[in-house]
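One structure follows; several queries about it will come next.
Letters A, B, C and D mark the chains as written, and numbering starts fresh at 1 in each.
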């Protein structure tokens, strides 16, 4: 047996108080695709970044092709033949493709010769792997799919024979993803070793040779893909049996609560994000918006929540809401009984340095029950917080703890408690269970369903198809800013939605 | 309003006054292109002005003075690097501190060394950079128009002036024609890209900050040993900030920096020479001329005349691990 | 988990930074051939050893309280207001106009309106950078620096060409009328039977500054507006999400900041000089930065830091008077304080965090 | 113990403040006693400096510069037992001595010398802060020039309108260059520290300069035509010598009592011909006796010989 292409022994890494990796060991055979799965925050990216020399491990050894190798920085990793495509691309936005590719791998002190040499090499690589990109295009002018190609080309240009890809398909359409996997297949056939981090069990099952599962900073198992199944992997990931469906009675939709007509949103860069969108959400139903990240779902939620401006018409209980200018901000939305659980709780939903009790007022700090005269009634706020913490089982139930000191799931519970307890007519909820453990997922799902059952409208956005399918009553798929199609949740499946998500029009599917 | 000879004179003093601005502006350009904001240009110049004058005064050798000035500026640059690169502190605060440090230390040391109320003794010849007469300058003086332009405007500056002007193409070439320049620009835009490409962010940024120190050092030495003959307290008189303004005005580009510095130099030259300028019935007070560079910069910053977009990673320490 | 306890963050770190700055300052004094211990003794006796010294210390502290609070309020909204100097200069103009052109029956009335005038002018001077930051994204640090210079030019013009009394050679306004003379601490304390130096300039503005401290504390930690300022300062996307307008908060925070900086003029212009002179701010706007950094942007911390800097200023003046140590020594000390408490914060913080973490691991 | 307060230009401005310092120094050497001194850092400190010295018991307290007038007006009354001496300005208080100089007379003499030394018939004047006091210098100078050569051109520039103008050598240097380009071959600097730049540039460019207040001939030997001596040093020396009992009131120092004059020493001996010296001495005598009357700009804020 040949030596493993990569062997990690006892890798540990802490970020301050967070133990991201704990004593991790793993072997990857040459010429294989090795998958790594695990929940958000399990430590996958950290582990790979250590292999690539981006972080330095606190403990542990790295062996490459049977040789103990010190990788103090990325330069050493590159020298050892490792290339990595990060979850968040590492490209210089105002440089051209060519400049990005030679950065750090120039020949000699002058740019001209390096650039012309790289241009030639790039042409060869493009031909060989069907990786066509315009070498003179600026990164900020090309799409994410293209940017990912640049990242792969960067690695190939440096003659990597071990390629790490961190969640490469999260931003790709299914067809772009298929093309990526064709390239990966070809690379594997050439004897290159590939590590693939992904959340998608389908990709693991279809394309990998072996798979490792991480949970809470530890490696829980490494198995041959052929010898396992999705349920088993899911169980390994979360540490217990996964309940994939939500218990709920069939919906009894009532009058329309939210009506969206011809909504358009243009972002700061002038790109149209939402295009002529029409959608209705009725009382007593949960409408799920599915789609690949970046197809306008976030902007839709933000417009509805009053975080950005748009054009078109939206009505709440029949009354039009302004989409720009006065009265279009989040405060006005809350005043008209729209609650919003944002997609990114740490960036938007919470002020991480505020105490829990301050966060419970966040967005509702104008509410009369929180005031006493000109000042804020902090005592009332704290009492309210204690009540909510109790009801939502926030742990620890300490109003004085800063938001950043709660775990992800408990942070989410604080946000959900704040929004749902306002008893809104419409709940906007984005990625409700991202990075939240399974117990909390069940709890949060239950709260959402309960709200629906009280006759409220819920608009759910999630990139997790499973969550969409199990929680919604009706599913709308967004692609390129438009609704590609709507389906009752119990009359569709992942396959059909996947096609819609790729922009294949509903009728054809 | 102005006859030709006066015009030449004003332009001549524009060149002299633009020189320290230009050197400091290019200094800032290197630093900020690498993502390190530097509002401490003023302090570095001041420190260099003092040490160059002090050493030139004691040794009588202006080159030793220049060396000392540059060295002292490099020390402050290193301090800025330490604070903003190694310890990932706030670059603006570090710059503020450096300005104060220089303002205080120069007077303190000057008083200790020379007991002349915070100044150095006046420099005598040998201790100063003398004007250089370009070849044939005297011969062509009589030629109309071109003669004075060559002999008055172009000739007769100290070597540092020519050095400053040569630094412009050099900077442009380094930035856009070399590997170092590519990496430098990249580290100011996205240090993570540089890091993952296997190049040291810290090394690049220190290099940039040190080049900044070098150029500020020359600028300061020019002030004390060429433009003037010795150091007086606070002699930079806000030039570091005007250079910063010019840098923004130039949108962080070397050739534009030359233009901006010449413009600001011209404003200074005009303000120096004329108290109030009468344009028909309007009198432009000298204070307005003094403030004009700052006003122009604010206008540029406001984006009314083309938006000035700083390097993306500028001002942010590169933090990998929270 | 927090990396270390709160007290370490607000007390231990500034204290260590301060000690480091003090040690280096001592080295500097040694370097210029003087005795640091004697210097400190002289500073202490000169600044705190008599009511005269205290009068000056508190006078300077009053200036720094206003500018320190100004920087702090902006800091809470994550705005770095380096323009305190210019705002205070313009505040002086506001005070001068109010005092010179309106006949006041009593100083108390004059003080109220002079404060308003000062705040108004200071706020106005902060308004343009604030607007440009809020609406056009112009870096407020750079614009406020530019505005300091522009303020100096404006004041220069006004004093030389407009407000200078005929026949006077000073670029300064006329002396304010006797009616707007603010009671000094001497006059204030005399009825209480406390004999305070007659010639020290500390005056009733000190009380005003303390009131401002309390008001800022209430504003930041007890009002909706303060809540919004802090929320915006912590997270701009968060603010948007909560319906807090970044434009509004940027404007308001900077207006309050500029207003506070401007109000410094009640002390130095109205209370001390009783006329507006060039450069009456004497760099207090910049010291506000150090004061806010040291005081961790908390009014109580700002109060302590302002007193400390008042002491340094008065002590430094005494040094310059009685020894050959130039007054610039305090500029150096100020630089070191800013350097250590501001820019080199992590130098102290990181090892300390590690130590606390290790300590906790050991306990666990 | 007497005390001396310097104005913003600083003790070593080689000019006005330095003259005051020289006087104090001479007193200290002759009496073996010591005095207190402080250099101001800013406008706002004037009053503090005065009070601090008065509190500490310094007496008399001498301040060099007109800008102290306002602060002194405030402080003098609070310390009736302390004697104050202010130079260049009049403050009316029982415990203040106000010393003013007839700068126009001294300037007249150096103006004559300038006109005689000038080959181009154009001479320059560079003042510091644009205030009546400095115009008084300029006016006397211009009259002196015109007295020798009625066709001569006098170019006058002021450095600025704020105290910063006393300490701006770069601007002094630029103004000198400008005047040279307009044909001036002698420049007279009455500009405190700014004059250092004027004299430097004049020397660099090979024209003659005239110093002010102190004897500045030595700064560039052979290149400084002469210096208009304003005996601030004498005024300070006198005040210190008089001690706490000094006579208060108004004191004028002019040609008649040696308060102003022009400097001839080994550094400029070769530049001043016997004829020049004789003419100037003659004029000095006539001014002292009142035979020649030099116009004092400050008497009516106008100057017959020069327009500003």
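As a working rule, contacts are C-beta pairs under 8 Å (C-beta built on N, C-alpha and C of every residue); 3 or more make two chains touch, one makes a residue touch a chain.
In this text the structure is predicted, and so the values were computed from the model without any measurement.
A.B. asks: Taking contact as defined at the start, I'd like the list of chains shared as neighbours by chain A and chain D.
C.D. replies: Both chain A and chain D are touched by B, C, going by the contact rule given at the top.
A.B. asks: Hey, which chain ends up farthest from chain C, C-alpha centres compared?
C.D. replies: In terms of C-alpha centroids, the chain at the greatest distance from chain C is A.
A.B. asks: Ranking chain pairs by contacts, what comes out on top?
C.D. replies: B-C
A.B. asks: Find the geometric centre of each of chain B and chain C from their Cα atoms only, then give the gap between the two centres in Å, rounded to an integer.
C.D. replies: Taking the average C-alpha coordinate of chain B and of chain C, the gap between them is 30 Å.
A.B. asks: Taking the mean of the C-alpha atoms as each chain's centre, how many Å separate chain B from chain D?
C.D. replies: 35
A.B. asks: At what distance in angstrom does the C-alpha mean of chain D lie from that of chain C?
C.D. replies: The computed centroid separation for chain C versus chain D comes out at 39 Å.
A.B. asks: Report the inter-chain centroid distance for chain A and chain B in whole angstrom, where each centroid is the mean of the CA atoms.
C.D. replies: Their C-alpha centroids are separated by 47 Å.
A.B. asks: Among the residues of chain D, pick out those that touch two or more other chains and give their numbers.
C.D. replies: Answer for chain D, listing residues that touch two or more other chains: 161.
A.B. asks: For chain A, give me the residues that contact two or more of the other chains.
C.D. replies: 16
A.B. asks: Give me the residue numbers in chain B that touch at least two other chains, ranges are fine.
C.D. replies: Only 118 qualify.
A.B. asks: Can you give me every chain pair that touches, using the contact definition above?
C.D. replies: A-B, A-C, B-C, B-D, C-D
A.B. asks: Can you tell me which positions in chain D touch chain C when the two form their complex?
C.D. replies: Touch list, chain D to chain C: 36, 38, 41-45, 47-49, 51-52, 54-55, 66-67, 69-70, 74, 78, 89, 129, 131-133, 161-163.
A.B. asks: Give the list of chain A residues in touch with chain C in this complex.
C.D. replies: It comes out as residues 16-17, 305-308, 329-334, 340, 342, 344, 347-354, 358, 361-363, 365-366, 371, 374-376, 378, 402, 405.
A.B. asks: For chain A, which residues count as touching chain B in their complex?
C.D. replies: Counting only chain A, the residues touching chain B are 15-16, 52, 54-55, 73-79, 84, 86, 90-95, 99-100, 102-106, 108-112, 114, 154.
A.B. asks: If we count contacts the way the header does, which residues on chain B are in touch with chain A in the complex?
C.D. replies: 176-183, 185-186, 189-190, 192-200, 312, 320-322
A.B. asks: Would you tell me which residues of chain B are touching chain D in their complex?
C.D. replies: Going through chain B, the ones touching chain D are 5-6, 9, 12-13, 17, 116-119, 122, 227-229, 232-233, 237, 269, 272-273, 275, 286.
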